[in-house]
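Two complexes follow with chain A in common, the first pairing it with chain B and the second with chain C.
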Partner chain A sequence: MTQAAEIALKGVAKRFGTTEVLPPLDLTFTAGAFTVILGPSGCGKSTLLNLIAGLEAVSGGEIEIGGRKVQDLPPRERGCAMVFQSYALYPHMTAGDNIGYPLKVAGVPRRERMARIAEAARVVGLGDYLARRPSELSGGQRQRVAIARAIVRAPQVMLFDEPLSNLDALLRHETRAELADLHRRIGATTVFVTHDQAEALTLADQIVVMNAGRVEQIGTPADIYHRPATRFVASFIGHPPMSLIAATGDGTWLRLGDGTPLVASTHKGAVLAGVRPEAVVLDAGGASLVPLHREDLGSHIVQVFRLPDGQKVAVQSPAGRPVPTDAGLGIAEHALHLFDAETGVRLGS
Partner chain B sequence: MLALFPQRWLAFALVLPQTLLIALFFYLPVYLAFYWSFTLERPFGGGSEFVGLQNYARVLADPEFWRSLRLTFVFMVIGSTLAIVIPLILALAADRHIRLSQPARNILVWPKGVAGASIGLVFVFIFNPFLGLLAPLNAVFPGIWNPRIDGADAFTMIVVAHVWGGIPFNFVVLLSGLQAVPQVLHRAAALDGAGPWRRVRDVQLPLIAPQLFLTFALEFTESVTGAFGLIDSMTEGGPGGSTTLLVYKIYVDGFRGYDLSGAATQTALLMIFVLILTAFQFLVLERRVRYER
Partner chain C sequence: MVENTKSIDRVAGLILALGIGFVLLPLVLALVTATQAYETVLTGGLSWLPGDQLLVNIARVFEETALPGQLVNSFVAAMLVATLKCVFAFMTALAIVFFQIRWGGALFALTLVTIMLPLDLRVITTYQVAADVGMPVNLVLDLFGIGPLMRLSVLDTWFGLAAPLVAHGTGTFLFRQAFMAMPRDLPRAAVMDGAGPVRFALDILLPLSRAPLIALFIMMFLGGWTQYLWPLVAASRPDMQTAVVGLSRLANDMPGAVPDYPLIMAGALVVSAIPLAMVALLQRFIVRGYALSEK
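Moving on, here comes the complex of A and B:
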């Protein structure tokens, strides 16, 4: 068990030349927590990780790790360990030497080093591969070596940069479970960057959703899923994602562009109405639906329909029970998410 | 091979010009050098006489030959080492994207376009004891630098000129090797606690071992033969034979002294010397080089 440290970002910003990749940002990563930074490619999530690790210099603001200001320290003095997407193993060293390299640099005597290498290899379930070179290992084994190299120094902070995206689907699923287990045992403050919402929802204590350099929402997986704070989060999380329907409220109804009433609501003015595909209820009297296409996924069926004004809505139904073609759209009021049509910010509770 | 060249003659035809050139300008001279080393050649033509190993006995008993070989060896070791270490430092700096590394990368390649004799001519001026760069030193300590009189100075001058001429090629090869080292390995090593120098030692140098081997192998053979232009234009082997490397001695003996057999014998010995060195490099050093990444 290592000592976990809180990471606090205060007004941290990053510019490349005149391009602002990260506007000033305040963010706290609770000590010992597993935080996932989730966002599409190019949203600045990896840059944020590199700033914490010290691989890139901040353009402004402060980074504190365990109460210590580290923004001007080189990476080795920050106490972070990192697992890279490509694993970044040293090709000329054996797996064992790779794992032991941080200890060797730190001047740990050989005997102690060997013991700690063996222990780290045991923790990640890396069997008798310590004498092999990375080129002789499979993707999954390389991944384990990379993780063992990160934990061997008992770091206060573990950083993961999309570590699962080079694995095949089955292995990714297994490794996900192992990472969660590893975090429970190691206890280091963990920051995990990914674009995969399934990883975020299953692993995280806290999710930070980012888009275009800005933080869209910070919350638990349940928060993020059930109460998305912005239209971006709503459309990014969920598989298939939430349908967002442009509508106008007249005080009693939200109406589509052609005047068809969509759902009862006291809201007035233009609004985006969001509904998760699994929360759609069918109502013979509701807005009529024209089927567009359907995907049968075995456990459930996803169908996409056209609304009377041309917008689309996705409906998920249990396996073997496709939505009848003459059904109308119903939305339970509690399942309705409203977002400001202009700013995309969530309205109401 | 067969799929690419359905007609067998085409493959041979394509290889023929190069084979002819190599045969004419390499294998034939090598054969003749060895042949002449067993005969007594008349300087102005008119037949030769087989003398067995007499030429070898004569050359190997000559202290001038051994001195020349020793100078060649010293020149090879010092010259090659400097001609790799200096470009290596420059390449490491250029790879780090330090200030002005972009224009430097360009400028550093220019000396490649200069012939050995021209380099020599320029350095003769640079190292002129009265007009050159070191002239102020002579003003303070009279006579401390004079390559026309002092053998060590002359030897140093040749080494400097040789190293200068060797920088571009080795720089380009080593830099390309360094740039092929994935950036993420630097990042990983930085997080593992290694500072810049430690990363050079533990990550960069092991990963450019193939390029280092290549430059060493080429530089060693090049330094044995390539010094001719420099010596001929700068010192003509002097003062007192202190810069008479074997390759220059062969020229002097053969074309000034008209001892064709002696020159051929020394050529044969020089080739054997290079052969042994190259064999050593490939059999001993190359086994430690890993090409996989």
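Moving on, here comes the complex of A and C:
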């Protein structure tokens, strides 16, 4: 068990030359929490991780880990350990030597080193593979070695850079559960970068959704899913994602471009009306739907329809019960998410 | 081969055999000549028929010529050249690939200039510097009217034989390619594990560069061993000359007389024995080193 430390970013910014990759950012990672930074590739999430780790220098602002300002310290003095997407194991060393390398660099005596290597290997469930080279290990085993190498120094902060993306789907699912379990046992403050929403929703205590260098929303998985703060979060989270329909409110109805009433609402002016595929209710009196295509996923069916003004909406229905083709669109008011048409910011509660 | 016909194979084989014969014939003649007595050559000229004097001639090389001592010079100089070249090339490539240095690209281009401006082109200026190592400093001091600080010549020393050959871009280029082929996260992982640049270089980079290192060492040793022009001007005393230079001197020892071809050829055999053994023993590393990837 290690001592977890809070990470506080205060006005942290990163520029490469004149290109601003990360505008000044304030962010707190609660001590001992599992925080996932989620976003599409190129959104700056890996850069943020590198800034915390010290692999890249901040262009401005302060980083505090456990109350200590670390932005000018070299990585080894920050108390962070990192698991890389490619694992970055040393190919010429055995698994055991890989795990023990941070201790060797730190000058830990051989006897103690051996004990701690064995303990780290035990924690990640790495059995009798310590004498093997990375090239003789499977992808999953290599990843365990990488994680063991990260925890062997009992870091205050664990950083993960898309560690699951090189595993096949089945193994990824298993490893996800193991990582959650590992975090409970280790207790270190964990920052996990991914573009996979399933990883984010299942692992995180707190999710930070990023897009184009900006933080779109910070919240629990339930917050992010049920109350997306921006149009981007709404369209990024959920599978299939929320349908976003451009509409105009006249005080009693939100109407589509051709005047068809969509849903009752007191809102006035142009908005984006969002509705999750599973929250659509069918109402014969609602806007008419023209079926476009259908995906039968076994457990459920996703159907895409065209609205009278040409926009599309996805509807999810239980297995074996496709939506009848003469159905109309109904949206319960509590299932409606409204976003400002200009700024994409969530409207109302 | 895309096509797999016997006739093409045969023709290709024949062309190869002709090529090999063309390259090997002079070597065969040298070998045969080394087995003959000086008297036979004096009366009958060069012959393709082997004689029985090979061991006698080799013994004469060790007894009558300065070659044994010159072999030591060659060995020491070539080892110095190869070792220092590897060290410098490794460190230069380390700096260029793993550190974000200002003008890194320009620095790399400058190191490559040494490939395009070989020592043979700048032998006179290099000689001037070798004869007076303090010259660059003295030139500056001269501007301020201060007398020369020191006069130190490295001519006729092992260091002088090796040093001008040491700075060469080929090795930097080779290591740069090898380093750039390494996983991008490897140095980052080492940094996270607390390793500084020196530890990273010694613990991670060096073991992973074994193949290119050995390949470079062999090539540079051979290059140093077969150098002719620089050792010729850098060492004037026979006891400091290298074996290759000494070998060429054998032909000119007695002006007017017919050169002792059997002795010279036996000397050539002796001089090529060391690099030949080196290539024979380590050739698999040469191939692997230039393949640039370590599995």
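In this section, the second predicted complex is superposed on the first by the 349 of 349 C-alpha atoms of A that agree within 3 Å, B and C clash if a C-alpha of one lies under 4 Å from a C-alpha of the other, contacts with A are read in each partner's own complex, and residues count from 1 in each chain.
The rule is simple: contacts are C-beta pairs under 8 Å (C-beta built on N, C-alpha and C of every residue); 3 or more make two chains touch, one makes a residue touch a chain.
The structure displayed is predicted, hence computed values, not measured ones.
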| item | value |
| --- | --- |
| When chain B and chain C are modelled together on chain A, clash or fit | clash |
| Touched partner set for A:Y90, first chain B, second chain C, both or neither | both |
| Chain B versus chain C as contact partner of A:L55, first or second or both or neither | both |
| Partner chain in contact with A:P163 - chain B first, chain C second, else both or neither | neither |
| Chain B versus chain C as contact partner of A:G213, first or second or both or neither | neither |
| Which superposed partner A:S135 touches (first chain B, second chain C, both, neither) | both |
| Touching partner for A:G32 - first (chain B), second (chain C), both, neither | neither |
| Residues of chain A contacting chain B in one complex and chain C in the other | 53-55, 74-76, 80-82, 84, 86, 88-92, 101-102, 105-106, 135, 149 |
| In the complex, chain A residues that touch chain C | 53-55, 74-76, 80-82, 84-92, 101-102, 105-106, 135, 149 |
| Residues of chain B defined as touching chain A within the complex | 182, 184-185, 187-195, 198, 202-203, 206-207, 209, 290, 292-293 |
| Partner chain A, residues of chain C touching it in the complex | 183-186, 188-195, 199, 203-204, 207-208, 294-295 |
| Chain B contact footprint on chain A (complex, rising order) | 50, 53-55, 74-76, 80-82, 84, 86, 88-92, 101-102, 105-106, 133, 135, 149, 153 |
